[in-house]
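Both of the next two complexes hold chain A, though its partner changes from chain B to chain C.
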Partner chain A sequence: MKISQKRIVTAYVFLAIPLVFYIVVRFYPMIYSFWLSFTNWRLISPKKDFVGFDNFVKLFKDKVFMTSLWNTIKYVVYGVPLVIVLSLFLAATLNKVRHLQWFYRLLYVMPYITPLVVVSWVWRWIYQRPPAGVLNNILMAFGFDAQPFLSSMNQSLPAIVVTTVWVNLGYCIIIYLAGLQTIPQEYQEAAKIDGATSRQSFFKITLPLLNPITVFLVVTQSITFLRIFTQVYNMTDQGSGGPLNATKPLVLYIYQKAFRSFDMGLASSATVILFMLIMGITLLQLLVLNKRVQY
Partner chain B sequence: MKRALLLLLVVSVIFAGFAGAVKITYWQYYYETKVKLVDQLIEEFEKQNPGIEVEHVTFPYENFNEKVAVSVPAGVGPDVLTLFYGWIPLYVTSGYLVPLPESEFSPEYLSSEFFPFVSKGIQFDGIPYALPTAVRSLALFWNKDLFAEAGLDPESPPTTFAEMVEFAKKLTKYDDKGNIIQEGLTMQPSGQGHQWIREVLVRQLGGTPYSADNRTVLYYQTAPETLKVYTDLITKDKVGYPGFLNDDVTAFRSLKAAMTIDGSFRLGTFRPLDNLNWGVTELPSMNGVKSNFASFWAHAITTNATGEKLDASIKFLKFITSEYAQTLWLEQVGELPANPNVAAAYYDHPEFGPFLKGLEYAHATFFVDESGQRQVLMDAVDKVWIQGMDPIKAFEEAAAEDQAIIDEFWSRLE
Partner chain C sequence: MNRTDRKTSVIAYIFLTIFAIVMVFPFVWMFSSSFKTSEEVYEMSLIPDEPTVENYEYIFNYSLFPRWFLNSMIVAVVTTISVLFFDSLVGYTLAKYTFPGKNIIFILILSTLMIPTEMLVIPWYIMVRQLGWMETYWSIMFPGMISAFGVFLMRQFMSTIPDYLIDAARIDGVSEFGIFIRIVMPLVKPALATLAIFNFVGNWNAFLWPLIVAQTPKMYTLPVGLSYFSSENLTSWELIMTGAAVSTIPLIIFFIIFQKQIVKGIAMSGLKG
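This part shows the complex of A and B:
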């Protein structure tokens, strides 16, 4: 064997290790759950009969499933723009701060590195009705009426979105800051000399050059919001996604079907739908947003 | 040399095989006092039964069910496990539990050693599958200091429903905007509230929750106004609401709720609180009817246990449900004995007494999907107090949803 051939073989041997790992712990379970979605398997039963599209038909007839699907879309539609705009604004502002920048960065990253369960419970208490809830006490101090927040049909989902945005903000800010620091100063200076306002240079230079970062964040944040679970599980009574399913996302629906009702077949079908939803939205975003910008 | 070593190895493996004890595995969820007591019981059991070794495995309560459910199909499950009686139908129909052999656990044995509701609760299609060491029932806890503050006699808790409502109104405090800042009575259907509605209020209003064959929901058909009686306390009398101070237990322990209906397992929560001056009494009666809800965790033998292991498991099951074990369980864990003979000695106990008396007229609901059926009643209450739906209609919808869950369960078996 020639040295070059040996090198190739060696490379493939090393590549094989993560590949095998991925096949065993990622792709195999994924394909298996595709198979399960066509069966009537119940977690603690040995029976796994093929039932065709029965589970999917059942899902689309299930009001709770449709509500969870709709809620999941709401989480993305409310959450992603909010977290992107806010984090871009804060990052651009932080980028101008020269003193104690590390401190502000730390401040914004704190929620992100705090365990999500802890964050959820803290916010659950912040949102409490009087006399316990901090937020309601502030509202009432300013003469407003107390709000039901998590026990309201309309406010509970936005309340959970706010918590999630607060958590994800730190991560997005850090990524945006890194992006901002790669934009060459010359562009900004040149624009300044040409008489561009800071607003113009932000929208004409900074924003377009940050496009790859924005695409990355929109895609990853969309996936995060599509897979929302922990917050809802911990912020609603008995992890129910209530009141009356008003906050229940798809992942919680899947969890309840799989591990409370043990209906693994149905849960797998819902997982397949979630998978297709994530894939569809991601591809669409890449198609629409991904534009190369060069100066 | 090598050959000699190999021979030694083979001999020792064979020897170990002969002399080795029968090893069975017991699973329960983690609850400190229970784990300690079971360790102690296992030690005594192993002394009495040389040749049997019991391995004790515990999991967090939150994912006990998942853990069991995931391990079973993988064939690494336990020989004896503790499960909530409400899961028995699901486990049995999945082919996971072994019926209790009649030679060891005859109907006479069951009826003499356990309260009447137990033998119904452990059956599926008339065959018993599990046995409890301890049981739970409901009672009314009241805060004596808050009673005194409201001008009520701190030593006279309400005995009837009407009296309880009257007291609750006096005990509720509001801020100047009308927000409740102290509950007269906790209203938490997700806690024990749904059990109180289903097994107590329905029966007190002349109804029956389910048909005798457990296939038909009857609560709406036989007592349609039940939910209204419950939700009126939230919407009309305004003595409390679901989620006040997060949950009923938190509200009561932080002295912000004057009365709460909860289970005997809560004794251990309230007892260590020095600032909480509480008492406990039987659930209030209504229309002269007393009723209660009892539930329990029971030990069952799984299909993993065969041959020698099955015999050892039977011995172990008998031991941990014996009068001896139940007495220790009451003293160390604080749960009520499942055996009326053990219970009799504690009837006048100020803390256990009200719960034990409740056991005499208690009912254990036959759940096919405990969390699903609980959700139905939680939702019914939410529909009324959040969405303003007519309680009679909400109860009718609950009955229909509950019936759908039950129908689906039975249809899977046919």
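This part shows the complex of A and C:
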């Protein structure tokens, strides 16, 4: 055997276990999921008939599904702009100061590495009604009315958004900060000599140069918010996504259908819809990312 | 520094500090509540009037938290070791060997990054039931034994290793696997550290999959245990906060030790994507 042939064999030997892993644990389950979405299978019954698009029709007729789909969109639409604007603002501010930069960065990123279950329960405690909830006590000390937060139909979803933004902020700040540090100082200085205010140079120079990073963050954050589950499961009563489904996202709907009602076919159809939403956003990124700004 | 510069930087520090307080306060409140008695937990005192460690004694002696801690440790350590080994091996093979199908394999592995876990949990669950893996550590660990992100990361690092080092080792008669273990692995230690930290934290914090497969309390991981424990003790916030604190302390220690690599790793994961 020639040396090059021997190397080829070695390469395949090295890849053998990982390839089996990828086929068995990633690709096969994915195809299986697609197939399940066209069946009426419930875990407990042997019946597993092909039913075409019946599950999808059923989903779109199901009020709870539509509510959870709508809630998921709300999570994305409220959460993503908030986390992007806040993190850009904080990163730009952090980039200006000379001292203690690492210290602030450290504090900002702590929530991101903390277990989400911990975060959820701590915030659930903070959001409690008076006299227990510390946030309501702070509000009342400043002369505001106490708020129901998690037990309210209107406030519970935004309250969970705030917690999630609090978690993801540090991640976005670090990525923006890394981007800001690649922008040459000369650009800002040249703009200053030309008489640009610092606001002008931020909006006309810094922001366009950060465009690729902003697109990347919008996409990853959108996917994070689309997949929201742990917070809602832990911050609402008995993980129900309540009150009255007001906070229930798609993944919680899937979880309940699959592992509470064991309706595997229907739950798989809902995962296919989630997958298509994620794919859509990812493809959008590829389209937008091709436009780069250069000076 | 002129006066306007100084003024803007004072304002900057004020903003940064306000946000720093918002970021840290929930942690402070968690620890503060965990040292309070069941009566005082409803008081707004930041420092407990009568600090007590009773909650911690309860958590360690009368709950399954120690067991969950152990479970989480086993799951996080084993998956991390596996990911380090296999991701490096795949990354190395894809970076340094020429063989038919190389690009297709790389693209296929990368494409799995787009598959959301939520889509896979139902088939995984059916697999676990059919193969009789229920109530084993393996059932919790197996989906995370290799990570696509790690393969991508390691391939990048492996391609920076000069070929002559590998060729020199071959001439010296070192076996192909020996080259990987003894020559290549030590050269990519910084990348391994980043990957290890990320993988450990990710597995320590994972919730959805462990919630699905761990069905008896003795198999819960810390997040799953904390979730059930808290819903069962809804009125004892001092105990919930103690459980939360116990689940967070290892991460805080971990974070203090590895903060530089963590920050670098996050920046890398973002900019390469």
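In this section, the second predicted complex is superposed on the first by the 261 of 295 C-alpha atoms of A that agree within 3 Å, B and C clash if a C-alpha of one lies under 4 Å from a C-alpha of the other, contacts with A are read in each partner's own complex, and residues count from 1 in each chain.
Following the convention adopted for this analysis, a residue touches a chain if its C-beta (ideal position, glycine included) is under 8 Å from a C-beta of that chain, and two chains touch if they have at least 3 such contacts.
Since we're looking at a predicted model, the values are computed, not measured.
After superposition on chain A, the partners chain B and chain C collide with one another.
By the document's definition of touching, of the two partners only chain C reaches A:229; chain B does not. In the superposition on chain A, A:243 contacts chain B only, with no contact to chain C. Of the two partner chains placed by the overlay, only chain B lies in contact with A:152; chain C stays clear of it. Of the two partner chains, chain C is the only one touched by A:134; chain B is not. Comparing chain B with chain C, the partner in contact with more residues of chain A is C.
Within the superposed three-chain model, A:125 lies in touch with chain B and with chain C [touch as defined at top]. By the document's definition of touching, neither partner reaches A:66: not chain B, not chain C. Looking at the shared chain after the overlay, A:85 reaches neither chain B nor chain C. Of the two partner chains, both chain B and chain C are touched by A:259. By the touch criterion defined above, A:279 reaches chain C but does not reach chain B. Stretch 57-65 is the one of chain B that runs into chain C, the other listed stretches 57-65, 129-137, 147-155 or 219-227 having no clashing C-alpha atoms. Across the superposed pair, chain B and chain C both touch chain A at residues 43, 125, 128, 131-132, 238, 259.
Within the complex, the chain B residues that touch chain A are 65-66, 68-70, 72-73, 90-91, 93-96, 175, 177, 179, 181, 190, 241-247, 256, 369, 371-372, 374-375, 378-379, 382-383, 386-387, 412. Every residue of chain A that touches chain C in the complex is listed here, in rising order: 4, 7-8, 10-12, 14-15, 17-19, 21-22, 25-30, 32-33, 36, 43, 90, 93-94, 96-98, 104-119, 121-123, 125-126, 128, 131-132, 134, 137, 166, 169-171, 174-175, 177-179, 198, 213, 216-217, 220, 223, 227, 229-230, 233-234, 238-239, 251, 254-255, 258-259, 264, 267-268, 271-272, 274-275, 278-279, 282. Per the touch definition, chain A reaches chain B in the complex via residues 42-46, 124-125, 128-132, 140, 145-146, 148, 150-153, 237-238, 240, 242-244, 256, 259-262. The part of chain C that touches chain A in the complex is made up of residues 8-9, 12-13, 15-16, 19-20, 22-24, 26-27, 29-30, 33, 41-42, 44, 86, 89-90, 92-93, 97-100, 102, 105, 108-109, 112, 114-116, 118-127, 142-143, 145-146, 151, 176-177, 180, 201, 204-205, 207-208, 211-212, 222-224, 226-227, 230-231, 237, 240-241, 244, 247-248, 251-252, 255, 259, 262-263, 266-267, 270-271, 273.
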